[in-house]
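Right after this note come the structures.
There are two complexes below, and they share chain A, which is joined by chain B in the first and by chain C in the second.
And now, the complex of A and B:
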């Protein structure tokens, strides 16, 4: 099949529809606007519902209602809007409902700006809202990956009864790349016997709820969730390894900054330096297994991020003090420049910081 | 002997947690009777709020949700869009609907969302200890207006039914009370009418029910229902504020 040019934001929309998503609730915010624009046309064509809500707070609660009724449903926003959704995401995690949430990250804190950034990493991977929960979190690095991951995102949401986030940035959202869409497949959505969509002859009523007023019951529920998160952590770690086989220096980067880091690896290799890259494809669960493989030959790690150092905390936890872990990055919607990162690599490898 | 009164089928036979003299129980019964009489228990879906009626999801014997504070109309919107033939309703108190949830209720009404809202107004935040609500009357003493609500620092109570009835998307908006048997019968009719209209495909429908809170008003149950009549109804007049011409 021929490749076509698509913007990342549009690819999310097309990927979602192809994954069987028929409901979108969202509130306008830059830099994800092309996604609602796309779905406002595409969903009615597919007999779906596109609804512009009065706020992100409402959008995520509409998602809660639709997910509870058994729909494949999603919402999308960016930094400030995702912050507004956190209460609802916590309810969805507590009630164990499947849904997909897109965060096209921008510069922050506060209103920040609308330029691409990776400023919400910690919010995305550490829960984000109140209470003890985790969100499965994809970090695509190309428009093709966005298309491919949407299906995986909805399937993992269903498999684990958990919200799934797609964490990207304004560059991925607005950049056009050639993509292979492939044939539209028939989607099998798992049975929704638990959905609260009217009893219709069912003997017992279904309840969608995150309230456990008795502390003993809440504790049991927390243990149940924790067991599920441990299962996800064991089964779902995903990452890409790039030229790490003999790497003495391992770069760690996700999404857009991983593309920059890849260019740095190639340049270093051209100059005879043993440099490789670990690119987490899911940032929660974090791919700690990737680090065990490279620890025997890796002498040090350098995390490259579009923020002031967030994922570096997880890299340090994975490396657990066995090797030095460094950080380089640029915040505020500015991009790390490959030649600067390369200079940092050279400096560190020549004993600059041991 | 003929049985003339019984618990509605769609209301579970379990103890309710409401205080003595609270009229939530009556309002629950009226909703359940309407669902039973319209024979829609199989497609009824309710959303419980945060507040005194947070456990509503346990009491009704059909599919239920517990929603976050004020967001029940958004949750109900998500449900109704997925289940268009569902008989979807929210059950909300005044803090939930008229303070934290104003955006959700206004826009659900503006969209003409095909849901029914049961809005229980008892002029106080009861579950959290009797604080001033958006519907607390002028001069009313609460734990956060110990000298009585006054305009200068507390502003004025909101008449939600009057406000929402100005929206084109609202099909039916009424205010009823359950302080005596006559009014309970009227309330029942209004609640049933709202559900009938939803089933017939009308837009947003809401019934505001004036309710008593002896515990937080510091009154006996008898004094409390009297206060509904003497003090609440003059500020919150009963009646239908929006009725479609064809009904």
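And now, the complex of A and C:
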């Protein structure tokens, strides 16, 4: 099928509809507004429901309700709106419901700005809301990946009864790139015998709940969740390796930063420097397995981010003190420049910085 | 080959759609392309710009911070972006609306009275494609045929009657760049 030119935000919408999502609840915020705009037209065409809520708080609770009723449902926002949603995300994680949440990140903290950033990494992968929970988190790096990952996102949400986040920066939402949509497939949504959607001849009521008032029960539930997270961590690590086979210096970056880091790797290789890249495709679970493969020959790591150093904490946990882990990044909506990162690589490889 | 092209002008001048046409043409030529708009807190009636990258290799960052080509459709755009054009780059000036000259001497410059020429052709709206014609003549970033092919896809069928005049506009821009190249030694 021929390629078409598509904006990242629109690709999320089209990818979601093709993945069988028929419910969207959200509230506009730059730089993701083209997504609700696209779905406002596209979902009714697919017999779905698009609803602009009065706030992000209500949007995530509508997602909670729709997911509890068995719908394939999503919402999207950016930084400040995602912060408003954290209570609801925690409830959804506690009640173990499938849904997809998009965060098209911008500069922060506070109202910050609308320029592209990766400032919500820690919020996305360490819980974000209250309580002991995790969210599966995709980090696409191109418009094509956005299309491809939407289906995976809904499937993982169903498989593990867990919210799944798509974490991208404003550039990925705003840019247009060629994409191959492929044939529209028929989507099989797993049977939802657990859904609170009326008795339907059942003997017992289905109840969706995240309240465990008796501590002993809450502890059991926490253990159950933890077991699930361990299973996800074992089964679902995803990453891309780029020229790491013999790399002495391994860059680590996700999303738009990874595209810039890839250009740095090519430039370094042209100059005979053994540099490679690990690009986490899922940032939770973090691809610790990728690091075990490169540790034997990697002498040091350099994390490249559009923030002041967030994922670098997970890289340090994965490397576990065996090698030095450095950081370079630009915050506030500014982008790392390939030539600056390359200078940093050269400096580190010549032993210039300790 | 990597061209990173910044197209800037007033909102409503069609800079975003011109950028999309260029990106579309590059895609049809099986090149890597990316298009990104400025989406800052712009005012209605204010400036608009977009970056288009066309490359033989995968594009690392779609953000055009050091353009190889600047297309300035109005004066504020030239004043704002002249300094960021990469050395030996190209600045294309819509001289119908810009009454100042480019100060840089390390770039190639071409002045295209796009709006005047478009009015002469009987349709002011083809001004962008006159400049686009000059661009493809000077850089070879995409071919004329591919731009025309893209117009067929980008324009809705009821607007296909406009394809001929747009082709003429592109050809006019190409001819203008060719003539300028013959006249001035620092324009190739």
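The criterion applied here is as follows: the second predicted complex is superposed on the first by the 353 of 354 C-alpha atoms of A that agree within 3 Å, B and C clash if a C-alpha of one lies under 4 Å from a C-alpha of the other, contacts with A are read in each partner's own complex, and residues count from 1 in each chain.
The criterion applied here is as follows: a residue touches a chain if its C-beta (ideal position, glycine included) is under 8 Å from a C-beta of that chain, and two chains touch if they have at least 3 such contacts.
Quantities reported herein were computed from a predicted structural model and do not represent experimental measurements.
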Simultaneous placement of chain C and chain B on chain A, clash or fit: fit
Chain C versus chain B, contacts on chain A by residue: B
Partner chain(s) touched by A:115 [first = chain B, second = chain C, both, neither]: second
Partner chain(s) touched by A:5 [first = chain B, second = chain C, both, neither]: second
Which of chain B and chain C A:289 touches, first, second, both or neither: neither
Touching partner for A:42 - first (chain B), second (chain C), both, neither: neither
Touching partner for A:159 - first (chain B), second (chain C), both, neither: neither
Touching partner for A:68 - first (chain B), second (chain C), both, neither: first
Minimal inter-chain CA distance - chain C and chain B, angstrom: 28
Residues of chain A at both interfaces, chain B in one complex, chain C in the other: none
Contact footprint of chain A on chain B as seen in their complex: 41-45, 47, 54, 57-58, 60-68, 71, 74-83, 85-87, 103-104, 106-107
Chain B-touching residues of chain A, taken from the complex the two chains share: 23, 25, 49, 51, 53-55, 57-59, 61-71, 73, 87-88, 91, 196-201, 205-211
Contact set on chain C toward chain A in their complex: 20, 23-24, 27, 33-37, 39-41, 58-63, 65
Chain A residues touching chain C - in the complex, by the definition given at the top: 3, 5, 30-31, 114-115, 170-171, 174-178, 256, 259-260, 262-263, 335, 337-338
